[in-house]
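Each of the next two complexes has chain A plus one more chain, namely chain B in the first and chain C in the second.
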Partner chain A sequence: MSDTPHTPTAVAPEPPRRAREAHAHLPPVVRLEGICKSFGKVRANHDITLDIRPGCIKALLGENGAGKSTLMSILAGKLRQDSGSILVDGAPTLFASPRDALRAGIGMVYQHFMLVDSMTVAENVLLGQSPDMVLRPARMRDEVAALAERYGLVVDPAARVGGLSMGERQRVEILKLLYRDSRVLILDEPTAVLTPRETDQLFEAMWRMADQGKALVFISHKLQEVLTVADEIAILRRGEVVDQFSEADVPNQTVLANRMVGRDVVLQVDAKRLTPVDTVLSVEHLFGPGLDDVSLTVRRGEIVAIAGVAGNGQKELVEAICGLTRPASGEVRILGRPWREFFAGPPGRRGLAYIPEDRQGLATCRQLDLVDNFLLTTRNLFAKGMFLDRTEATNAVKRVVWEYNVQPGDIAASARALSGGNLQKLVIGREFFRKPEVIVAENPTQGLDISATEEVWGRLLEARSSAGVLLVTGDLNEALELADRIAVMYRGRFMDVFDKDDTAKVEAIGLMMAGVRPGEPETEA
Partner chain B sequence: MDMDTALLLSILAATVQSGTPILYATLGEMFTERSGVLNLGVEGMMIVGAFTAFLATHLTGNPWAGVLAAGLCGGGLSLLHGIVCLIFQGNQVVSGLALTILGLGLADFLGTPYVGITTTGFQAFAVPVLADIPVLGTIFFRHDALVYLSYLLPPLFWLFMARTRPGLALRAAGEHPAAASAAGLSPVRIRWCGIFTGGFLAGIGGAYLSLAYTHLWTNNMTSGRGWIAVALVIFAFWRPGRAVFGAYLFGGVMALQLRLQAMGANLPSSLMLMLPYALTVLVLLASSARGGGRAAPAALGVNIEPEE
Partner chain C sequence: MFLPRVVKRQEPLQWGSFFIFAAALVVSLGVSCALLAVHGKPPLKALAVLWSGGFGGPFALEDTLLKSIPIFLCSLGVAVSFRMQVWNIGAEGQFALGAVGATWAVLTFPVLPLWAMMPVMFLCAAVAGGLWAAVPAVLRLRFGMNEIISTLMFNYIGILFLQFLVYGVWKDPTSFGFPMTSIFPKAAIIGPISPATLGRVHWGLAVCAGVAVLLAVFLKRTRLGFELLAGGENPRAARYARMPYNLLVLLVMSLCGALAGFAGCIETSATVNRLQPSIMVGYGYTAIVVAWLSRLRITSIALFAFLLAGLRVGVEHLQLDLQVPAAFGGILEGMILLSVLAGQFFDRYRFTLKGRS
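Now for the complex of A and B:
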């Protein structure tokens, strides 16, 4: 990792785990047994069994959508499992709400903090907790300061939360749980919002909490962080625990990476190659926030997949290509025209279609009916002067709904009535209706069931004949099934761009996703 | 003491008197809003308070019974707002407006037979010792019991919010109900309390008009004071201390306007009657220019969606 600008874990000190053995003999605080949970047809968790022990940091490692957050939401009382049981101190326990879980000593630090900005740190920590009727600010501050000191969570108890950094806010959330003597602390992707320095501080605090007998669960998809901080590692893939390692047998990151992304073939499509023709999208030396010298071309007749763990610059790249953010430096040419010129013209007839990951937020308006949602990006095709020809649009929507098999097909219904898969079909139908020549699809099958996935895949392959497709995906299987070429993205740059038939490189995708170039000596984390 | 000084002192004393009902209503609305609920029904709750205070006093002969009745009826009316907003997640603005219209209509309907009847009420009395302080004694300590009671409210309000556990919970419900809920509190229950307390105080503000400011009932006797209170909450940046200043500012303009009319100033009376309301507009302009909106409770006017 010597080529990357900052590696948060590289500077972390050795774990000062003085009291590791002190808790080793204790039984698990919590045992999850055979937990299953499905959302509709999508299986989020399947038969998961997991022990959470005092004084131990357990990492849940897995890609986006592997089921980590679902599992922990069940443990924290936010979701109810379909089957399986939660044993607290050996006794089966049912959580009706997060409050029940909190009472049982299980607390979760969510990615979105639950803090009152206008109140002080001490007030936030003691909210709903203070035993006295009358508050004594000085004593509250002392209490919180003492707690912060004990666990090494440095934060000024008198400061207003609104003025704190993300790292400090996270410490307040952890202090809230510690103040109620929580025994199990679940940290959901805690480092996502932190600077490298704050990440180190968090890890130190985690070790300190574990030393004092707390059980910690660390949810992450970042290999190095997991290897740095965890005592035990459980790897989740497609809702199942595929591996568990204890401290003694934690493997190197190559093995971890392969286990995490491991290729499960659940669906295969017949992707006949076409002969690529003209270049429709080219990116040259693109720099910017989260992007570090990215170059790429997409030709008509091919699908180029960007594989990688989410958060490595994919979003920034897509936003620059689709005109949501101005590229800081470097050149983006779409259909032969420079970025600025391309996006200066009126939208609608542009020939670039964007299928965002956020179907409900970015691609559609929940409250509008299907016709209005259809018109969001196609309105120019139905414009007659300043008026819209709704009759014609309605007919077009009817055709799309039938052709793409959108269920329920009631076009007067609001978009919220559609499931994720059907909404996605509508979005794709809408975008393809414009006959685009460049298509950017961002995790187009995330959260979809098998049949919807198959349909979306088929449409993307079909679209190749007249367009170039850039497919951003966290699902390796999807990349390998659909793509003609694959680019692996890591920390804002491409590790490599290669043809799908280059088996040696395809084998090494897992490693590249973790930032290791094949053939390079592997760095020990 | 010369004539001018005496006149000035009497206007200032009248300022306190006209400011008091506005102060009650402002603090009440401020309390409700700090819990995260916007209740635009202040005018309606005030007038219902004014009428029930008059009626209860008329029937029992005891003005304190009138004050209690006014508080309970103002609070009771506000619970309608709670039903709409807390149970059915209705629009707070619409519900509050409806409450004002309902209150005004109700008081008109029930009160018409009593128009013009006088009743006993609160009488002014000088507070021993304090009333003898020069200047201040005359302005502040030669009033009735409800005025003296209103002096206690702002500090109590502040103490409650800043220094008590329920006050902290109420603020959390107004700023970030989900955080309050995550901390094991019930923000909906807290908002019920916020709504009722606000209605109770608005009712007492109305009672002041029919039991102390005058000793009779007339239709529409609040004449927009409830709306002024709503504006003052914004002007005061949701702080009780500034509410006192705002309430007396308006009281001053009202008192001055009456005095000028009585002295036969050469100005059209409609113009002078307009003064307090023109001031309301100016005050809102000034406070929004100063970024007062940012001081609002973060979840003000946002309903709490029931948890899944």
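Now for the complex of A and C:
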């Protein structure tokens, strides 16, 4: 653990729960029964059954895209399940909106806070809740202060929210729910925005709330935090609950990690190895926000996968490599040329292609038609002096749409008419049209169905013959199927970079993703 | 609960949006009529005067067409910058600087022949207007200053600068103390196209047509134009596609300044034949209304420029015939903008009385 500056376990070895058993005899507040939810062909939740009990902290553990947030959005009334039922106090209930869920005592703290910056803490907590026509600031402050005191959520009721830290804002969000007498509090990745100290304070408050009979749901992909704070753990994988542990039988980290990232072979491809040739991308000692001394090379003829739980610096690394943010320190060379020089002009032929995860918001413009979207990164190829050869571009788009089977293939339609998978095919077709020699693909198959995934994988493997590919993925199966080498990223640095054939290390990927180096003594839960 | 619920439209409106626009127009005219009635003016007669003054008859149409020229040019510039999501509301000041630039050219080279005078005038107007607009652009890019504030402030400075010149160094010694330059030489006056058939309609109209075609070609056919469109549509995608964002902001601002400058030049040269403060009648602000109403499309800009110019002319007649205050023009313009913008809500949403299922 020498490389991890802080682990919550070190600070709070024994959860200071005073009344862990006090509510154990009570029936569940909420029971989810056979919840199913699909988005198009993608199954986000499948037949999920879960009990949420008073006085108990339930952790939902799973990788990004496992379906945690979907499930909780259903519970909080933001989404409607396709089938299955929600029982509140044993009675089936339908939530048409978050308001209905709040009324039933279920509230959620989202990752993005919904607070009014220019108002005070007390005003935010009582917003829309104040019983009188006339506001009484002093009484509001007293009420909020009492509530904060009771649950150990330290925050000054008179302070303006705009001046608060993220941790304090989060407490305000929790206070809002507590003020409404919510019985179930759902915290969606609450520690993502917190400092280690604030994380500890949050955990203490969570214990206190549980001691006083609140039911808490803690959504996370961080193993150690889950082990520290939770009473019960449910592991989600590909939209299904694969395991549930109660406090008595919570296993150690290794077991949890393996259950969480467990390799489901949904799709296999025959990836024949090529002999890597020249280095096309090199990153040396890159530092910056979210990045801590990252070094990496990618050669023509190979796919290097960066595996890891989202939010461990992958986005920052990709943005630096793809020219979106200037590297703070360290060196990035693309095709032998320094960063500054390479990104001086618009994208051209035989350069770098970036296939971002956010295809709707970053890679395309929703309102523009397919030709305009195609021209985004290929405009230099169709430039004749200061003019654009639109006839030639239109022909090229027609060819790409046909070749990559983009449906519907109406090139005059705006990009919003395409589904996620088809938009991704268009983006890949566009990027590959430039015959790139460096390809950065970020979760390229997220949200795609099996056949589209297979197609995208095939394209990436094919591209190796002329390019080096950096694949950033939260899907371990994808990394193992496609990559020649795998780097595991955790807290802004690589835990290790190894060949796919190194079976011992491949076995340990789950642990590395949780920040544990194989061979090191493991902290017991 | 019988309260209607707002539902997002799945299919965009086709012809419906035209009816919504017509309804919005009726609503704004109706409210304006009500205001007139409160004021003790006969509303129906006022409407008739408004129509006949702005659009009824060749003389009215001529007047309207003349006024729509500067509005159209300013509005083109405003629309281009709005497309880039640069909220430049400084067309009024850029218009003033364009007039100043053109006048400077005339006063400095008074003996140039027509073929040289016209290009020099327009060039100076474009440079003056463009530079005036470039300053807020640079302030925004370098120091993150909000362009809405800076361009608005620059309007006041620009207009006062124009007044400073005509009250001072540029004042015509023979003008009996009136704030105006001496009348321009013949070579510096944009003349009528065909006095016999088109009356006072001058070559500025041809400039409008030329500029509109060039701008359309620029936006649709050139690489830079494409970057403008895409950059305004989705700034993140523009960054992803490595478009020169700062350059684009500077470009749209300068372009708007240059076009407003053209308008100032034409207004000075063709309409009053000299520089005087009376050219500042708020075309630059009307241009903002036109740009919004036309949703930044060039052909619609022409249409709405003509419509609002007609209203301006009509209101002038209202002032004369019914002694309606001049401010009524501003009220009418504002009412139309507000009701049309409010009507655009129905393009994306609809009401339903059905309860939740």
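The working rule: the second predicted complex is superposed on the first by the 512 of 525 C-alpha atoms of A that agree within 3 Å, B and C clash if a C-alpha of one lies under 4 Å from a C-alpha of the other, contacts with A are read in each partner's own complex, and residues count from 1 in each chain.
Criterion: contacts are C-beta pairs under 8 Å (C-beta built on N, C-alpha and C of every residue); 3 or more make two chains touch, one makes a residue touch a chain.
In this text, all values refer to a predicted model and were calculated from it rather than measured experimentally.
When both complexes are superposed on chain A, chain B and chain C occupy overlapping space and clash. By the touch criterion stated above, A:Leu375 is placed in contact with chain C alone, chain B being left untouched.
Using the contact criterion defined above for the overlaid structures, shared-chain residue A:Leu127 touches chain B, although it does not reach chain C. By the touch criterion defined above, A:Leu388 lies against chain C but remains apart from chain B after alignment on the C-alpha atoms of chain A.
In the overlay built on the shared chain, the residue A:Val269 is in contact with neither chain B nor chain C.
In the superposition on chain A, contact of A:Leu87 is made with neither chain B nor chain C. In the superposition on chain A, A:Asp117 contacts chain B only, with no contact to chain C.
Contacts of A:Gly345 after superposition on the shared chain: chain C is touched, whereas chain B is not. Judged by the touch definition given at the top, the superposed model places A:Pro356 against chain C, while chain B stays out of reach. Annotation: chain B segment clashing with chain C after superposition, chosen from 95-103, 167-175, 185-193 or 293-301, is 95-103.
Chain A has no residue lying at the interface with chain B in one structure and with chain C in the other. On the chain A side of its complex with chain B, the touching residues are 97-99, 102, 114-119, 123-124, 126-130, 132-135, 137, 176.
Only residues 96, 323-324, 343, 345-347, 354, 356, 361-368, 372, 375-377, 379-380, 383, 386-388, 390 of chain A touch chain C when the two sit together in their complex.
On the chain C side of its complex with chain A, the touching residues are 221-224, 226-227, 229-230, 233-234, 236-237, 239-243, 356.
Against chain A, the residues of chain B that register as touching in their complex are 162-169, 171-172, 175-176, 178-180, 182-185, 297-298, 307.
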